[in-house]
Structure formats: structure tokens, C-alpha cells
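Structures for review follow.
Shared chain: subunit A. Partners: subunit B in the first complex, subunit C in the second.
Moving on to the complex of A and B:
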């Protein structure tokens, strides 16, 4: 019990979204019999895995005080790259996957370069990249959908380990764990939070903030590429139109996960749970036959609700501290 | 346009460092290239059609500018744009007069803006997050209200908004020009405009000087919602219908126009005429890419590259990091 309490204190930013997840699970389980089954829960995880993987990368970028709006285009570019290399150029699957990941990393490096060296804000730089990279994916594919039949490739999206757990779910969960540990337990994580929290102070204490930021953009690009591969493998095809608008879903997951847009605050665990919460809402509404029109509305409401609660919590805390200080001062003067 | 730059350095230098310089430069370069490589670019009718279609984006950009100057951002305007069109079409269908329909649509826009302003100013939530959530809510609302159906509009007085020509110039262009002049006066001559720049420059300092920063922001978001709704009405009159997905992605086009027009995304900087020129630049660029027969596959890449190039140049020229 003590262990749980100290864990909750240490991870206060995650507790809120975990409670939201638990409440939603309970709600949909009560409302529908077909919701809380292992196959449906696994379906939710499979559906959120690509968005979740992208959100982990986005989390790094937002923690260092940036933003990457271009992830959805990298998603398409990497799928198209892998698809073209395998189906048209006859390249082996491992090489094609590596090339697609490298393409993602390269876009991330360009983002990092634009942000660090040209003085563009992250919002503008990655917003420009959003349309540039989408166009590149379109040009590469010639506008055609590319079918990929190679079994070793489609296995990345379709194979069920032990006939139960799909590979994308394993990738998502494993990456979430790796990111959580890296961010919370390693010196790289410390430098990451320091860079996002107060770049000037971090630079004074000898952290090479430029490289930390650069690395975040590169990792974000690679993960967006990985998500694109996972999705292309799941569908057995790649198209330059894949993932359009996903950047909003990804950013929503990051926001729900309690990552601050001011940088320096947030965790991979929260972001992973945030992605799952979005999946639960979508799936639950679908199962209850609520018209799809309500999905965007409800997810929008949940965003505002979660961040408002957070803001009010902070406001309440500030008020509490103020009254305490006043009382102490009064006692001191008496 | 911010009126703080010293006059020293001569007319040329002042012209080169003004907010509009880059948009004008971009327009000239793109026009020259397009005239050299495209057959039909340099004609009055082509130019008029570009200006007319961009007048809708320009109206949205005026609202977005007013939000960006005090350091905010509004990405819900594309959804508000769609909501206004659908609300007008529904009320026309219910037998209301065009004027009532337009007023209902504008009221919807103001309500969305008010809600945005409440969350940003009262709860101190990051504008990007607030308006992202609002974007989902408003878009969902459109789907629910219209059952995700397109609604066709056949009310002649309503459609006239797009068709009337006053003094050889189509009405939408007049509307955009009026919006631009109004915003320019608001920003450069009114107390509120000065306060908007002050909040964007240094919010803490503005608050210490007695500026009610929350109220300023609230006002800006309401105007942004109104401008988006007005643009939505103009567009509905143009296409003679309200589509549930109307305006998707327009928020980014408006933001790009404002930034090309020399505004800083971190606030405190920007002007209305420059933002209007920014909107024109983006329209001319899109048109030029089509006229020059650039392969359809590369259009989007060229477009993104050109916009980013212009913004980068402006960052270099003004020597300010944005």
C-alpha cells in the first residue's frame, strides 16, 4: 500500500489519466457486454498501437519544448518507401524497413536543423515539412496505392505472437516501457527534462541542449516512420494519403497524457495511457452504436475536460499555498 | 507597422524591412516565374479569380492575426468556418431570411470564440490545446446538426454575396478589403490594438501596467470566431452549398498567411495589410504551381517549400528569431 502511495506521489501527472481510463473501462463494461472481452481489449490495443508509437516520439519533442506537426506525413513517406523498395525494387524486407526508418530519421534531422539553425519556431518549421513530406510521398508513389504481399513484411502488422498478441501491440508496449525507463532513469532523461524545463539553466550546467533537442526530433521522425511501417504492414499496402490528420490524434494523446506544452513536464507512461484512452472512447462508442459523428465531439470534450481539471487543480493549489502563507504571516506578526 | 522602428536608414531600407516586404517580394518573384513558364498566368481574369478566392482566406487571416498578436493561436477556425456555413444553410432551409441566417451563423462563430477565450483567459490553458479540443467539438457538432449531409443552398439573395459586382470588383474582394482596413485601424489606432501588441510582447509587463490581459484575449478570440464565420458564409455562397467538412485545413492556410505577412508566432508583431498580402501570396503561389504545369505529384512539395523559404527569409531579414 505504501509502495502504491509513493508511486502515485512520484507520478502524480499520470494518476489522473489512469483514473480516467479506469472510469471509461468501467463505464463501457457496464453499458455493453461485448466491451470487456479479451479479444475486444486486444483490438483496442492494436488500433491504437500506431498512434501510440508516434505519440511516444511526439512526447520527447514536446518535453524539450518543441512540437512536430509533420509526423503524419512521415508516417506516409515511410510506408511508401518500404512499399516501393519491396514491391517495385525487389529489395529485401529488412533493408527496406531500415531504409524507411532512416527516411523518418532524416526528416527528423531536417526538422532539428530547421529549428536549431534557421531560427524558425518548431510550429512553423514542422508545419512546412508537413506539406513538403506529404508531397514527397505522393511524388515517390506516383499517387498509386502500393500493395505489399511479402509475408515477412506483413507479419510486422498481422502476425499474432502466441496466437494472441499482435506484433504492433508488442512494439507499442515495449517502446512505451523503454521510453518510460529512458526518460525517468537515465542521464539522457535528466538532460531531456532539464533542456525542456529551462534551456538556459541547462546550457549553463553543461548540457548540450542543441544535441538533446536534435536527438528528440530525430527519434520522433524514426518512430513516425516505424508507425507508418506497422500500418502499411497491417493493411498490406502503402499509400501517400495514409495517416492524413493523424498529427492531431497524436498531439491529443500527448495532451491527455499530461505533457506540458511549455516543456519539461510529462512522461511516456502518461502518453501511452493517453493514446489508449482515445482508443477506448472510439471503440466503446462504436460498440454502443453511438453514431460516429459523436466521436470527434466527445474526444474534443475530453481534451478540454482533462486540461481544465488540471488547470483548476493548479489554481486550487496556488490558492491553498497563498492562504497558508498569509496565515503563517499573520501568526508571525501576532 | 508596429511603429517602433527608427526611421533612419532611408526609404529603401525601411521598405525592405517592413512587414509587407517579404509577401510583396514573394508575390513578385512567383508572378515573374509563373509568367515566364506558364501561358495563362498573366491575365486579368486569372488574377481576379485568385484575388477573389483568396479573399475568403484573407478574412480568416484577419481574425487569426488578432489572436496571434497577443501570443495566442486559433486552430479551430476551420471548423468554425464549416459550422457557419451549415448553420446558415439549415436556417435557410427552415425558412429564415438570409439576413437572419447570416446572423445566426455569425452568432455561432462568436460563441465558439467566446468559449475559446474563456478557456484560454480564465483557465490559463495553452491556446493550441484549447482550440484543438474546440476544433473536434465544433466539427462533431456540424456532423450531428447536418447528419453529415451536404446541404445545397438555392436562396438567390444569399448567393448574391458571391455574385454582386460593385464598381467592377466582386463583393467578396470588397469584404476582404473592408476587413483588412477595419483590422488595420483596430490594431494601429485603437487602445485595444495597442494592448494586444503589449500582451504579445510581454504579458507580465502588460498586466503590471494595468492591462486586463484576460479581457483583451477574450475579445481577440471572439473576433477570430466572427471572422471565420464570415468567411464560412462567403464560401457557402460561392459553392452554393454547406459541406460538413468545409474549411478543413483552412486554419493552417490562414496561419501561413499571417506568418508570411511578417507576424511572429510568439506574438507581439504583425500587421493587417501584410497578412492580407500573405494570403494573396499563398493564393498566387498555388495558382502559379497549377499554371506552370508542375506535375501534380510535386505540387504540394513545391508549395510547402516556397512557403517555408519565404518565412525563413523573413526570419533572416528581420534578424529576429521566430
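Moving on to the complex of A and C:
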């Protein structure tokens, strides 16, 4: 009991979104019999895995006080890179996958360079890259969709481990755990939060904040690339138009996960749950035959609800702390 | 003598932990040029900030032209004709001179819908010419020199009928010739009946410009002198005299061998700085605001670009391009701006304390809970930091405890040289004493310490030797034994 309480205090930022998830699970289970089945829950996880993986990378970038708007283009570029290397150039699957991940990392490195060395704001720099990289994907593929039939490649998206858990779900859950541990338990994690929380103070403490920021952009690029591979493998084809607009879903997951756009606050666990919550809403509404238009509307509503609850919670907390401190001072002087 | 333009009585302003103004009285006549002097932290800025409408929670009575006035916002101040010319100028570099002068107050045409640019340029040209200033109203502001910008700010003040202009260190970035131009403008303002409050640490300027001077000390009045009574000695006598050390005596200790050697160091601002610090020695940096105390520490710690000179630590030459290099060389900095540079408010006490020593607390990149808790617990008990829980946010601690945490963060790295930039800033008196004790103890343990403070008495209290700085250069190097505030002030206030 005590353990739970101390965990909740240390992870206060994710408790809210976990409660939202529980409430949604309960709600849809009551509304429909076909919602809370293992096959449907697994379908939700499979559907959110690519967005979830991208959101983990985005989470790093937003925690260090930046933003990467270009992830959806990297998603397409990496799929196209892997697809062309395998289907057109006859390169082996592992090499092609590595090359696609490297392409993602390279884009991330360019983002980092632009933000750190040219003084462009992250929003503008990555907004430009969003368009540039999409264009690169078009140019590389000539606009054609590339089919990839190699079993060893499609397995990344389709194989079910133990006939039950699809590989993308395993990747997503494993990465969420790795990120959560990295951010909360390693010295890199402490430096990451410090850099986002107060870059000047972090630098004054001897932290190479430039490298920390750079690393976040690179990791974000690699994960966007990985998501692109997962998706291309699942569909058996890569398209330069893939993932158009996904940056919105990614950022939605990050916001739902309680990451502050001021930097320095947020967790991978929260972001992973945020991605799942979005999947639950989409899936639940679909099962209840709500039109896709309303799904988008409702997701917007949930974002505003969760974020304003968060803001109110923070304001309430600040007020509470202030009264407590005043009381303590009064007692101290008395 | 006629009535006062402005009169302030029993002014009180509190900040958390300090009483910035304590029953202060102040007044100024129309057309008078009045000096306001005092050591750093004496209450000068607080007083003029009240006049500028920066605070709404002060006590006391303000009379403007004999009528009670309440100044709660900058708009109130401006409506009364009170305008401040700040050290950091408040103009818009992207707009031209005329637009800057009339900002928020523009002549209009077409029933007030459009700005009348012609009238604006004409009017601005007339105002500038009336001061004999050769500046075109169409020039973009960022093409002007600092001095010209200041002139534009004064002209702007007149454009909304200022009756009292507050100048806070107006000559700090001006050349001799520009000071002469400013002098002309001040005479001109006087002829127009505008009152001027001049805050400066250059006592020569008081002698040159002012008819009367108010001296503040520790947030209280420490005298008013009329022109006939002016002398540098009397100014300094009024400014000194705070007693910090009632319960504290510095330890007499043997200074060890030279550890840090700075030779002929300079950058854009600092000029030919040379000094040495030995193990177990405290070198104090004295000087007015902007004399170069913070800049020296920044240059040593890799925060600025050094253009020439050498730094040697333990005989080895270092030139840190970034604080992380300075840290590895054995330097540690407790910065002046605790909130902006010292702590990360949202993070826990534990993480803040570990920031610089993560290498020691981690194995294979993972922070080891036990080792980390040990480092934190040691720091907390060594410096007597009062916390409820290692995981509480550092922002919830008092300023003094936050400052101790910043120091503890560095001690955990086991540095050899400590740079302490105004380490007791904004800290209550009790904790100040405690920090004095800690600094003294650290010197006894063999750290080489460079200490700067906005309070001169503090530097004299703790240091073995004192370096007096003036506008980026070393004015004097003095033994702290028997050194008085008067002697130092006479050097640091030209």
C-alpha cells in the first residue's frame, strides 16, 4: 500500500492519464460487448504502436524544450528507403532496416544542427524539415508505391509472437519501458530533465546541454524511422505519402501524456499511455458506429479536457503549497 | 526654497526575508538635479522602482505637487509625469527614432484611424533639434550608439511631458564626449523645469551635476547634503556603516601555495586582469554593480570568450570553452542569479544536488540509488540544509537553503577553486551568518576561494585579500587586515 502511494507521488504526472484510460476502458466495456475482448484490445495496441513509438521520441525532444514537427515525413522517408533498398536494389533486410533507421537519425541530426547552430526556433526548423523530407521521399520513390514481399521484412509488422502478440506491439511496449527507465533511472535522464527545466542552470552545472539536445533530436529521428519501417512491414508496401499528418497524433499523445511544452516535465510512461488512450477512443467509437468525423472532434475534446484538468490540478497544488508555506511561516514567527 | 514637486514620507517596502526600505523620506523640487547614492542594496533602486510604478505593495505617503498620489502601475507614474531612463534601455530596436519617441502616443489622422507619419517625423525632428541632437527621425533605432539611444529615450520622456526624469547610472556606457552631451541635455532639462534624480556610483558626477544629494544606507536615510556641504569624504562616510559581523570573526589562517593564477586576462569588457589565489585563501572582489565582478568569474568558468591572457590552475594552463571543462579542471561556480543559473526549480532537491556529480553517483550510466542518497545525505548534513525529503522540489526551499544546495552540488564534485558570486544575495540575516561560517570553514579546509558580494562589508569580513575593480580593470589589490569600507569605496567610486 505504502509502495503504491510513494510510486504515485513520484509519478504524479502519469496518474491522471492512467485514470482516464481506466475510465474509458470501463465506459466502452459497458457500452459494447465486443470492446473488452483480448483480440480487440490487442488490435488497439497494434493500431497505436507506430504512433506510440514516434511519440516516445517526440517526448524526449519536448522534454528538452524543443519540438519536432517533421516526424511524419521521416516516417515516410524511412519506409521508402527500406522498401527501395529491398525491392529495387536487392539489399538484405537487416542492412536495409539499418539504413532506414540511419536515415531517420540523420534527419534528426540535421534538426539538432539547425536548432543548435543556426538559432532557428525548433518549430520553424522542423517545420521546414517536414516539407523537405516529405519532398525527398517523393523524389526517391518517384511517387510510386513500393511493394515489399520479403517475408523477413513483413514479419516486423505482421508476425504474431506466440500466435498472440504482434511484433510492433512488442517493440512499442519494450521501447516504452526502456525509455521510462532511461529517463527516470540514468544520469542521462537527469541531464535531460535538467536541460529542459532550465538550460542555463544546467550548463552552469557543467552539463553539455548542446549534446543532450542534439541526442534527443537524433533519437527522435531514429524512432520515427523505426515507426515507418513497422508500418511499411505491416502493410507490405512503402509509400511516400505514408503517415501524412501523423505529427498531430504524435503530439496529441505527448500532450495527453502530461509532457509540458515548457520543457523539463513529462515521462515516457505517460506518453505511451497517452497514445493508447487515443487508440481506445478511436476503437471504441468505431465499435459504436460513430462516424470518423466525430472521432476527430471527440479526440480534440479529450485533449482540452485532460490538459485543463492538469492545469487546474497544478494551480490548485500551487495554491495549496502557498497556504501551507504561509501557515508554516506564521507558526515560525509566532 | 519653494515647494517640492515630489515628496515621499515613511516609505516602507518589504521583500521576502528583507526590509528594502525602512521609513524612508525623500523629496525633490521642480527643476532640481538631485543625486541619490548608497552602496549596492541600500534601497536606491527600490525607491525609484516605486516611483516608476513597479510595485503596488509598499507603505508610505507620496505627494506630487502637494497632492496625495498613489503610484501602483507604470501608467500611474507616467500620468504624473514621472519617467525612468533605465540602465537597460527600453526602446524598440526594430522601429525608427520617431516611432520610438511617440510609441503609444502617436499623432493620428483620418479620425484617429491612421498614424500620421509625417507629423510624427516633423515633431520628432523638432524635439531632437531643440536639444541640438543630430539624429534623423527616420533612422532605425538599432543603427544608433548607446549614447544616442539614451538621448532618444530622454526626448521620448519629454514628448509625454515628463516633469521628473530618473536616470539610473546613465553614464555607465558613455564616452567622455557623450557625457558632455548628456551634461548639456541635463542643463537644458533643468532650464525647462524638469526635475532629475541621478543615481550613480561615480561621485564625481554628483559633484559636477547635482545641487543636493540623498544618501541611503541599509534601506534607511543616511543624510541629505546641500551643494555647499559636498565632499567625497562626506559622501563615503554616509554610505558605509553596516554591521554584519557582530557574531562572526574570520579565522586567521596560513595561506598555502598559489593555486590559481590569472595573468593579464581580458575580453570585450575586462582589461588586463591579473591576480593569484592560494590554497586556503579567500580573495574578495569589491566594486560597484557592473565593475566586472561577475564577468571575472564568468571568464574563469568558461561562460564568456576570453580574448587574451592566461589562466593557470595548479601550474597547468586552462582555457575552458564551456563550464563542463572548467568543472573538470577543478573550478566550481555558485552563480549570482540563483533562480536563473543556480537551481532547476521544478526538479527535486536530490537531482539538483547530483547535477554536477552524476559521474560519481552512477555506474554504467544508471544512477545508483544508494550512492546518490549517500551523496545527498552527506551534503545535507555537512551544510545543514533544511529539507523534509530528498524528493521535494527545490523551489519549495527557502532562498538560503537553495543557496546551500547550490554550494553542496559543487562540493560533491570535490573542486579545488570555489567561485562564489554574491553567495548571500537575498538571504535572511541568520542564514547569512551560517553561510559566512561555511565559507570560512571551506577556506580552512584548503579550498582557494574567490568571493564577490554586492555588500562590501561582507567582502571585508571574509576575505584575506581584496581586489578592487572599477569598470573592468583592477584598481587596487589590498590586504584585508585593517581595511575599511571608506578606503575601498574611495577606490571603487571614482
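Just so it is clear, the second predicted complex is superposed on the first by the 320 of 334 C-alpha atoms of A that agree within 3 Å, B and C clash if a C-alpha of one lies under 4 Å from a C-alpha of the other, contacts with A are read in each partner's own complex, and residues count from 1 in each chain.
The definition used in the following text is that a residue touches a chain if its C-beta (ideal position, glycine included) is under 8 Å from a C-beta of that chain, and two chains touch if they have at least 3 such contacts.
Only a predicted model underlies this, so the values are computations on that prediction, with no experimental measurement involved.
J.: Between subunit B and subunit C, whom does A:90 touch in the aligned arrangement: first, second, both, or neither?
T.: neither
J.: Classify the contacts of A:207 with the two partner chains as first (subunit B alone), second (subunit C alone), both, or neither.
T.: Once the two structures are laid over each other on A, A:207 reaches subunit C alone.
J.: Quick check for you: in the superposed arrangement, does A:265 touch first (subunit B), second (subunit C), both or neither?
T.: second
J.: Which holds for A:312: it touches subunit B only (first), subunit C only (second), both, or neither?
T.: first
J.: Which of the two partners, first being subunit B and second being subunit C, lies in contact with A:191: first, second, both, or neither?
T.: Once the two structures are laid over each other on A, A:191 reaches subunit C alone.
J.: Using the touch definition from the top, say if A:135 reaches subunit B (first), subunit C (second), both or neither.
T.: first
J.: On the superposed three-chain arrangement, identify whether subunit B or subunit C touches more subunit A residues.
T.: Result: the larger residue contact count on subunit A belongs to B.
J.: I'd like to check the shared interface: which positions of subunit A are touched by both subunit B and subunit C across the two complexes?
T.: none
J.: Using the touch rule from the top, collect the residues of subunit C that touch subunit A in their complex.
T.: Result: residues 301, 303, 322-324, 326-328, 333, 335, 340-347, 351, 354-356, 358-359, 361-362, 365-367, 391, 396, 409, 413 of subunit C touch subunit A.
J.: Quick one: in the complex, what on subunit B touches subunit A?
T.: 73, 119, 123-126, 128-130, 132-141, 143-144, 147-148, 252, 255-256, 259, 265-266, 295-305, 307-308, 311-312, 315-316, 320-322
J.: So in the complex, which bits of subunit A are touching subunit C?
T.: 9-10, 185-191, 193-194, 197-198, 200-208, 264-265, 321, 325
J.: Using the touch definition up top, name the residues of subunit A that touch subunit B in the complex.
T.: Interface residues on the subunit A side: 67, 114, 118-121, 123-125, 127-136, 138-139, 142-143, 248, 251-252, 255, 261-262, 291-301, 303-304, 307-308, 311-312, 315.
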